[in-house]
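In order of appearance the chains are A, B, C, D and E, and numbering begins at 1 in each one.
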């Protein structure tokens, strides 16, 4: 790829899972075919530069590529979590300007707002990235086991229970069925804790890192609210889940339902015990629905919902938090400013905004379309178990919680997961950890303010 | 206490038998020198005594103990190595004191002994040099000092004086003899220097191709060599040999005849091949024959090359008419050639025709086939024909 | 073409001056031997010729070229190293052929030459041995073969025969002489073996403490040593010295007196300290004095130790009443001691009182202060008092 | 010996005739003085190092003197002198973990830890380096000694011992991660049962520190072993003979001959292991993570690749790290002074 | 402490028949030449007698006196046995500790995907297919090949350039030696990241001269982009190792070579290097493996495509998904990637050592 390539080849980055569906055997549906079907010039082919799957390493990769001003790749696939820093460093192209107006309008209109938000320039609101697919933090649970111990889960999908109810149900189910674990989630010290698993919990308690959703995308001058009671309560609840009553900092009302091992778990480690039947409930991304919902695993017995909550949206102090939640993940496509074939690349991007393409991707690999309305249009036979949980996914879209991505987000998230992790483990008290975090965030914010003040 | 005894010691490498069934007994306090051609197994034999090489067969005793499998350090031996082998990371003092430090002597004692040893080998003032800052001879002296400083029961010295100049060598020789006398240690010594071997040793062990040829006091080896090999090896320049045949009235070689009653040659009969040997200093000009008690008949010769050596002079004689001096072969082993050693003031010139006689009392007779000595001296006096019949070699 | 010339060559190490302002000229085809005590700078001088050591001062010429800064490989020299220095990672064949392979000789030629060289040093059949599978002498022979196989203009040989046995040594000596004659190469040779130095060399260069003492033909060095050092160094056993004083009628030493007209001693006057030197073979029993043309007055002595050497016999004489044989010092330099060399059949026993005379024509006289030779032979004939007055040393 | 007409050895030509045709470059090189020749030999190495190492370091150093810029095309702001370094030492740098966080207090032990010692990059790194290098040296020596023997199957034992060294760091990390991942490996249970570890060793700074130490020793002892083995094999065997005759016990031979003669190689091995250990990162990242066991290089890497563009800080942390390593290394350099064949 | 001597080595032939092979010398019935052959295959080096190894029969007076009287008595009469058994204990200990993680890794590889729970000493299920799947999911052999080329090139470059420098540092005297040596050392003080940004710029800059070679004139995506920095980064170690070993070769041998007609440089390559064979081979092995496994530059200096010289690391990381890791494939691929290299390196090292010390100079 790259050297001496065909003039009409556009190179984009992607992991092997995307590679599998971009080009397939003759006659089989493929993304390339879908792009062509969606109006892409038949001369233009898309080639994939395979990168590793790990998001952090992909970011490093993109960073060194763009830092060096290198192209191809012409189109970068960027994590929602770190698109904005690249936008702010002028390492993406302003698509609002470059794409035809009708396309821009269509995107503005149809795409999930929260997803699009993480692909806009925070200052100008112009679109710099086209969301390829969103991801939501979902709660998976063993409907059969919970119903067994007398809880009615029939409406959990549309109206998630409170954390209290959920915790009790899980606790009962666990002891009744003598399982090793109740509720498993990710609490290792990594980005996923800050952006997602804790972000969700915090949000369902009505808390936020920087107040409400209005402050998410501009660093520098915003309140730091990690010492709010709502945030501390969220941590206390988690400590109760992990450590139970023995822990003086645990929330008194909640039972112990999570193994302490979650403090070293990320997605990879946490999924296994659930699919292996060792846990009652589990938080993970939609890909896990396909796995756990497989007929060979739990099939119909798998329940899926957005996160339980403790504080309703109305009671929440800040705007946009409270109530059920689903952390937002996903990937965007951005156009490298260094490409020498932006025309073709823009055509490709435009084709990606077409519904057929989104659906093809969804059907082929289970990547959710950024326009969630399309979920209903997908062929249930193609998409497998996910078909059963379309409503929940749409609901997740409505309650999506984006992370506060700014140019300094990576730096701040490291501070956050470090402190949250310490608090989870019990190495620090919730207050202590959050006070330390507040201090460090303060410092970081001021530096940004200073830097951009001039 | 420090008798050394080898019993049927054999050492074989893949394709070489370095030591071949050697047995000998070295008395406590004796000074025995190993001599022999290069590669004959001297060093290897020593190594079996030191314990560095385990004999393929046979046993080694030191004192009354069978030490064949004992570690070198427990044998109470000290050794000067042929390849010197100084520790490159230690200075002279440390090299010399190595063995003492191992035995945890106290510092003063070490200091004293090292200084004494350094004194003996004339290395005073060099104690803090590193080996690579010294000349070849200086290194060798360090190696000697390293051995003598330790006062062992048995000294093994493999050509310890090879790199030293004549004067220092004489000095070291004296020193070693003194050490030997004073310490009463057993010394096994290897040298290529005949003078060393002759002056220092109680007995000389002559080795060849891994086999022991003779072990006897120096003069016995010189005067009554057990076989032709020993005869040729001991003495420099080497003995002259002339192959011949036992005839009715004596021995006849290609160029001359020596009277002798064949009946006196033990185990031989007329017609058997014998080799006659005579040392260069036992060849005399007929003009000086009066100093010889029993000269042979004069032999015609022509002087070829004359080598003045300072204190003596070598005259290469050609016996046959038209013979050329052979350069390729050892001068002493050509039938047409005779080497004579005379005092430097002897009036003789190159190319001159001379008549020479041999000193009958110094003529040796060997069996050509086996090389075994038959007679030493063929003094034809009073019925008894021979001076000495060779005793069976001590080996 | 292969004349070697040293001009004021000096080599200093940090605290040692290894070579001190040496100048000499070695003719094309000449065979010059360096002798001198251990550490006197022989090897270092050689290394400056080889180009391995760059002199601190002075220049080296080979042929007509100033090679002081030329690389060893371009000097056309071959060298046998004192420490042998075989390449341990190559077998004998590879070691010997190393230089030829570097010069890209073709395989056949290499094979032929190596075999020839191996033949000369008697290493046939060992060509595929590794150095550590060989005895000391065998290794040394490989080193020699490695040098001679190359046919260089100048041979440098640093004790090439040190580890060889007497017989092989004589053989190698002859071979080297033949090579020298046939190839007409210049050879610079270091040896500690007097016999080697005397027989092989055209000239001997005697070094001491980095300085050149004398460079002259062997017999000149032996008979007319330039100074006391050379006199004592050349000849084995060493010359006897007796320190004394020039008196009205001769030289008087502690234990005896020698007649002489002091006026004949150049540059000296009565009362000056002189040293008298006489070689062991020029000391004779009074009973044998008839063979000496000009004996001195008899000197009273007592025989102490007698060392029979086979072809000669050393007698240590004590001159003073009650004197002890000194072991510490070089026997020849004690005033009370005199070493005599006689034929082995001389009837003399240890502890016997004997009278000896010195051969006046062989007595040397040195200035005690400087060691410079004054007279060689003090034959008191016909007004002219001395046999030879020392010529200024060639150096 | 046949006397051939050309002389006893070879053809009549003497070697100089054949020889003095060497080309000019060679002659020029041969005639250089020792110093000039040395510089010539060093030239290629220094040319490469200058281009690939010194030049980037200088650029990075300049970077460290400027201001961070997290937005805009230009990655660096104006010159701020040593501000970035001051920030690092005062705990104000924009890095998630503390470089060092100690203040002097009035009461015993007169030092007050801002965060626990194992959360301070400097001490984690130093502790790791000292402990791991110590054990690696001891074990490496043992392994080298075993490998120096002649025994049947030595080659395969050598392969086995070198194998860990051939393992990529990611895999090394993965092995120990999985071993101590309670779900997968038994390491965690075992150690917990033995009472050494807590329930989540990979999330506990102290337990994780030990795991990382073990992982590093497992892999890197082989490095030591190889170098020491090479040193052992270069020792002239006849020296052992001398020592044996002189009465040295095996231990004395080791102490007085092997050790000093292997010392140069050993020092090189320890020197480079120490520097490597002081730069430990990949192993941590792939097992416990930089949050649990922060090392100095963790700070550098996170600053440089963390996603927030704080290149100046990253550069400053890198140089501060180098400075720390340099200080430690000067101890070695001091030792080298007395060692034959070392720096001098 | 282990020690060795000649007979100990000879006993290797009969080890296993009984423990005290001490005094049975040659009566063990094993033909001499046979033992010899076996020694050769084991050690690769001729077992000459002067190389006294380590296990010896030395009596150690201070042997432990434990309760096992019989054993002690045996040991005293035959101390070699103690060394032998200590030697075996140590060997087995080392073998176990180094190999166990590999065994465990193998178990992980054999365990089917998704069942990586509670693997102790046996795999959870049995799925040798992982070793094939590795190649199906990614062209793992490509990555191996790339790494191989890169490592070989770097090793050669490092050894050649490092040898010149090592020779200068180890055997020559010149002003500025110590400072220059320290300068080399300083490179190793810095984490690789410290070099990255300028190098990344440099390698992505188009050089006119390189255009015919690399197409776009940059080094990115070429082996050069890895060989150069990796060589530079591992050069200090090699220089130090080589310096140490070269310094120990006696001057006499170099002198002999020069008089025989080598140039100064020739003496280095013909005598110094071959004689330092253990050191040179070790420097080579260390460099090779270090480069083969390097993480940082390997990861950042290519775009990760096997056809663009992406090294093995990218391959292994390729089995790592966003939310799941194919542990069994990573394990399998590591085993595939590592074991051949380790074996190759060792075999090569032995060849190098014996080659350098024996026939290498034949031309």
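Observations on the structure shown:
Note that contacts are C-beta pairs under 8 Å (C-beta built on N, C-alpha and C of every residue); 3 or more make two chains touch, one makes a residue touch a chain.
Labels paired with UniProt names: B, C = ABC-type D-xylose/L-arabinose transporter; D, E = ABC transporter permease subunit.
No experiment lies behind these values; they were computed from the predicted model shown.
Contact with chain A and chain E alike is made by D.
With centres computed from Cα atoms alone, the innermost chain of the structure is E.
Farthest chain from chain B (centres taken as the mean of C-alpha atoms): A.
Two chains share more touching C-beta pairs than any other pair, namely D-E. Relative to chain C, the chain whose mean Cα position lies farthest away is A. The centroid of the Cα atoms in chain B and the matching centroid in chain D are 59 Å apart. Note: centroid distance chain A to chain C, computed from Cα atoms, is 96 Å. Per-chain Cα centroids separate chain A from chain D by 40 Å.
Those residues of chain B in touch with two or more other chains are numbered 13, 52, 71, 73, 83, 88. With touch defined as above, residues shared between interfaces to two or more other chains in chain D number as follows: 1, 15, 19, 30, 183, 238, 241, 244, 249, 305, 340. For chain E, residues touching at least two other chains, in rising order: 50-52, 56, 58, 116-117, 196-197, 248, 250, 261, 263-264, 317. On the side of chain A, the complex with chain E involves touching residues 1-4, 15-17, 49-55, 57, 60-61, 64-65, 67-70, 73, 267-268, 271-273, 275-276, 284-285, 287-288. Those residues of chain E whose C-beta lies close enough to touch chain A in the complex are 114-117, 137-138, 196-197, 200-201, 203-204, 214-216, 218, 220-221, 299-300, 303-305, 307-308, 314, 317-318, 320-325.
Per the touch definition, chain E reaches chain D in the complex via residues 1-4, 9, 12, 15, 38-39, 42-44, 47, 50-56, 58, 60, 83, 87, 90-91, 94-95, 97-99, 101-102, 104-105, 108, 116-120, 157, 160-162, 164-165, 167-170, 172-175, 177-178, 180-182, 184-199, 202, 228-229, 231-233, 235-237, 239-241, 243-245, 247-248, 261, 263-265, 276, 278-279, 281-282, 285-286, 289, 292-293, 295-296, 312-313, 316-317, 327, 330-331, 334, 337-339, 341-343, 345-347, 350. Chain D contributes residues 15, 19, 26, 29-30, 34-35, 37-39, 41-42, 44-46, 48-49, 51-57, 59-60, 63, 139, 142-143, 145-146, 148-155, 157-171, 174-176, 178-179, 183-186, 218, 222-223, 226-227, 229-231, 233-234, 237-238, 240-241, 244, 249-251, 253-254, 264-265, 268, 271-272, 275-276, 279, 281-282, 296-297, 300-301, 304-305, 311, 314-315, 318-319, 321-323, 325-326, 329, 333, 340-344 to its touches with chain E in the complex.
Across the complex, chain C meets chain D through its residues 69-71, 73-74, 76, 103, 109, 112-113, 116-117, 119-120, 148-153, 178-179, 182-183, 185.
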